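What follows is a set of structures to go through.
In the two complexes that follow, subunit A is the common piece, with subunit B as its partner first and subunit C second.
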Partner chain A sequence: MIYEVFRQERKGQPFQHAGSVVAPDERFAEIYAREQYGRRQESVALWLVPREAVHEIDEFPDEFDLKYRRVDGYSIKARLHEAREKALSSEPRAPNQP
Partner chain B sequence: MDTRAQEFLEYVQSGGQVETADWMPDEYRARLIKFIEMHGNSELMGVLPERDWILRAPTLQRKLALTAKIQDEVGHAQLIYRVVEDLGKPRSACLDDLVSGKAKFHNVFHYPTKTWGDVGVIAWLVDAAAIVSQKALLKCSYAPYARIMKKICWEESFHILHGRDVILAMVTGTREQFELVQEALGRWWEPLMHFHGNPIPADEDPMYVWRIKSQGNDEARQQFLDGYVPQIRELGLEIPDPALRKDEETGRWLYTEPDWDKLRAVVSGHGPASAERLAFRRLSREDVAWVERVVLAEAA
Partner chain C sequence: MNAGVELLLTIADDELVLGWRNSEWTGIAPFLEEDVAFSSIAQNEIGHARALYELAAAELGTTADELAFDRRPEEYRCAPLVQLRRLEWARTIARHWLYETADEIRLGALKASDDPAIAGIAAKMDREEAYHRMHAEMWVDRLLASEEGRARLNEAVDELWPYALGVLDDELRPELRRRAEERLGRRLPGVEPVPRGVHEAELAELWEEMTMVRRSAPAGARW
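Up next is the complex of A and B:
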């Protein structure tokens, strides 16, 4: 049985995937994981998860082009430049077109 | 190469990384297995030269440090074989191929450890050469391998320091102690120059092409020389290569070309200690077979 091992380096930090161990049961998995990922006090906690229990999602389609919800959806460089120029210029701003 | 494989190649060449469950070309998988398996074999065989010195270490402190280093190296073998297993080759098959002589392990582990000086040189300089290669693997295109390399590099740094401390104790000691180190350096220089492999251009090295390694062989050797020649020389030790010097214009080290045929012979099992080491590994594999049986029976 394959167990994925996640380790936490310090209290309050996220658990990160470290590797995996093969063990016949959970008891042995714990012994192997302690030995390989904790014997030098490099972890304050470990999570052991049977590989089959991991439900992976790795597709995030963006059919509707929703990038207005993200920082990279806005490119303000040219517009900001224009606004600054206009603020400094004495020329009156053009009225709305009827 | 078909389109899909071509796209994969471009992906890894532009810095892309691959996970276990991702599609990969057969050639990439086969090369990964061979490379990573050899790394695992080297970790496992690498403890044998040092094991010989556990009982002979000069102080209790050295004995404990050496034992801890050996424990680390066996741990590295376990982590690395796990990566190979996920790629499709079971650990037992790796061990079978190792003891039958079919699979290779690193050249430096085919040599005997004659004195405590050798133990110091191995821990300091062989581990230093290894860490140059392993740091370059932190960027490996196969992500699970790159991830475990983080832990391995972290532990290797303690090994180098332990080795350097052993060497410093001896070069600041008696004339005989200094001589032990000088002789050991003489024995290990050729294997160290062999360590990073023949100077095949990176673009012709399939391991680089697939971005399994992130640098060519000679780049690794140059990096090793850059870092360690000054550290060796400042201790008053002499490196047994009269041609070794840094070309100030190009910034590259010049050295006597190592005998590459000799390297090929050594890694294919014709080194001075190859047969003895493999015989020992075979014996210990038979010796501990019962443990596996008991563990599996217990869990069943």
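Up next is the complex of A and C:
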């Protein structure tokens, strides 16, 4: 059995994937995880998850290139630069009429 | 040498030599996770030895290193059980389990000691030994669960039983027998213990190896 090990470095922090251990059952997994991820006081808690309990999703189709949904799809810096250029080169607008 | 110091040295020698024996599996244990875990347990035992030698050294006006490495092999007080070289996994697990069971009984008695230093270090060691016992017990369960495992464990325990009895003083031996028989679900042979003071040939070999680097340097070298 493969157990995925997540460790928490300090109370209140999120658990992060640390690695995995191969063990015949949970008791062995506990001892092995303790020794590999806890013996140097580097963790305050560990989560052990049998690998088959992990539901993995690894396909994210993007057929229509909807890049505006992505964080990197819309560059604020480029847009600002563009806007500034435009503002400097264009004629001053007529003041608003009351 | 007073009885307290003698006791500290006795347990320290057990822990040091067993730590060395267990560390012989480093790199060649049956699988990687076990390799890391068993090596870590070996290191803990050597850590316990250091703490005990330090207490004894303070009484004797010497250092932990001198006690650990500068005595002659025949001066070590370790039980013959830990001296044996048994690079076979069933025997290693049997020895580990027998030693941890005996050690728990011994530490239980020491925690009740009138000497606060001894009671304190016994309690501290016991908290770490609890994980060693967990490790030993899970292996015993695993071996008992299959026919082959059970046969190999039983054979190893029978071979080591007189040595295991030798870890403890007379008055604590019946408790070791009671626990071991209950755990294995069978009677163990009535045999004469192999007591402390017996030095197996393997101890001299181990001593050669264990003290080689220290002996190669001039006295008083700082590391």
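In the analysis below, the second predicted complex is superposed on the first by the 75 of 98 C-alpha atoms of A that agree within 3 Å, B and C clash if a C-alpha of one lies under 4 Å from a C-alpha of the other, contacts with A are read in each partner's own complex, and residues count from 1 in each chain.
The working rule: contacts are C-beta pairs under 8 Å (C-beta built on N, C-alpha and C of every residue); 3 or more make two chains touch, one makes a residue touch a chain.
In this text the structure is predicted, and so the values were computed from the model without any measurement.
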For A:48, using the defined touch cut-off, is the partner it touches subunit B, subunit C, both, or neither? Pick first, second, both or neither.
neither
Does subunit B (first) or subunit C (second) touch A:36, or do both, or does neither?
both
By residue count, is subunit A touched more by subunit B or by subunit C?
B
According to the stated criteria, A:21 is in contact with first (subunit B), second (subunit C), both, or neither; which is it?
both
On subunit A, what residues does subunit B touch that subunit C touches as well?
21-24, 27-28, 32, 35-36, 39
Touching residues (chain side subunit C, partner subunit A) in the complex
31-34, 36-37, 40-41, 131, 134-135, 138, 141-142
Please output the residues of subunit A touching subunit C within their complex, sorted ascending.
21-24, 27-28, 30-32, 34-36, 39
Show which residues of subunit B lie in contact with subunit A when the two form their complex.
21, 75, 78-79, 82-83, 85-86, 91, 144, 147-148, 151, 154-155, 295-296, 298-300
Subunit A - residues contacting subunit B, complex:
2, 17-25, 27-28, 32, 35-37, 39-40, 42, 56
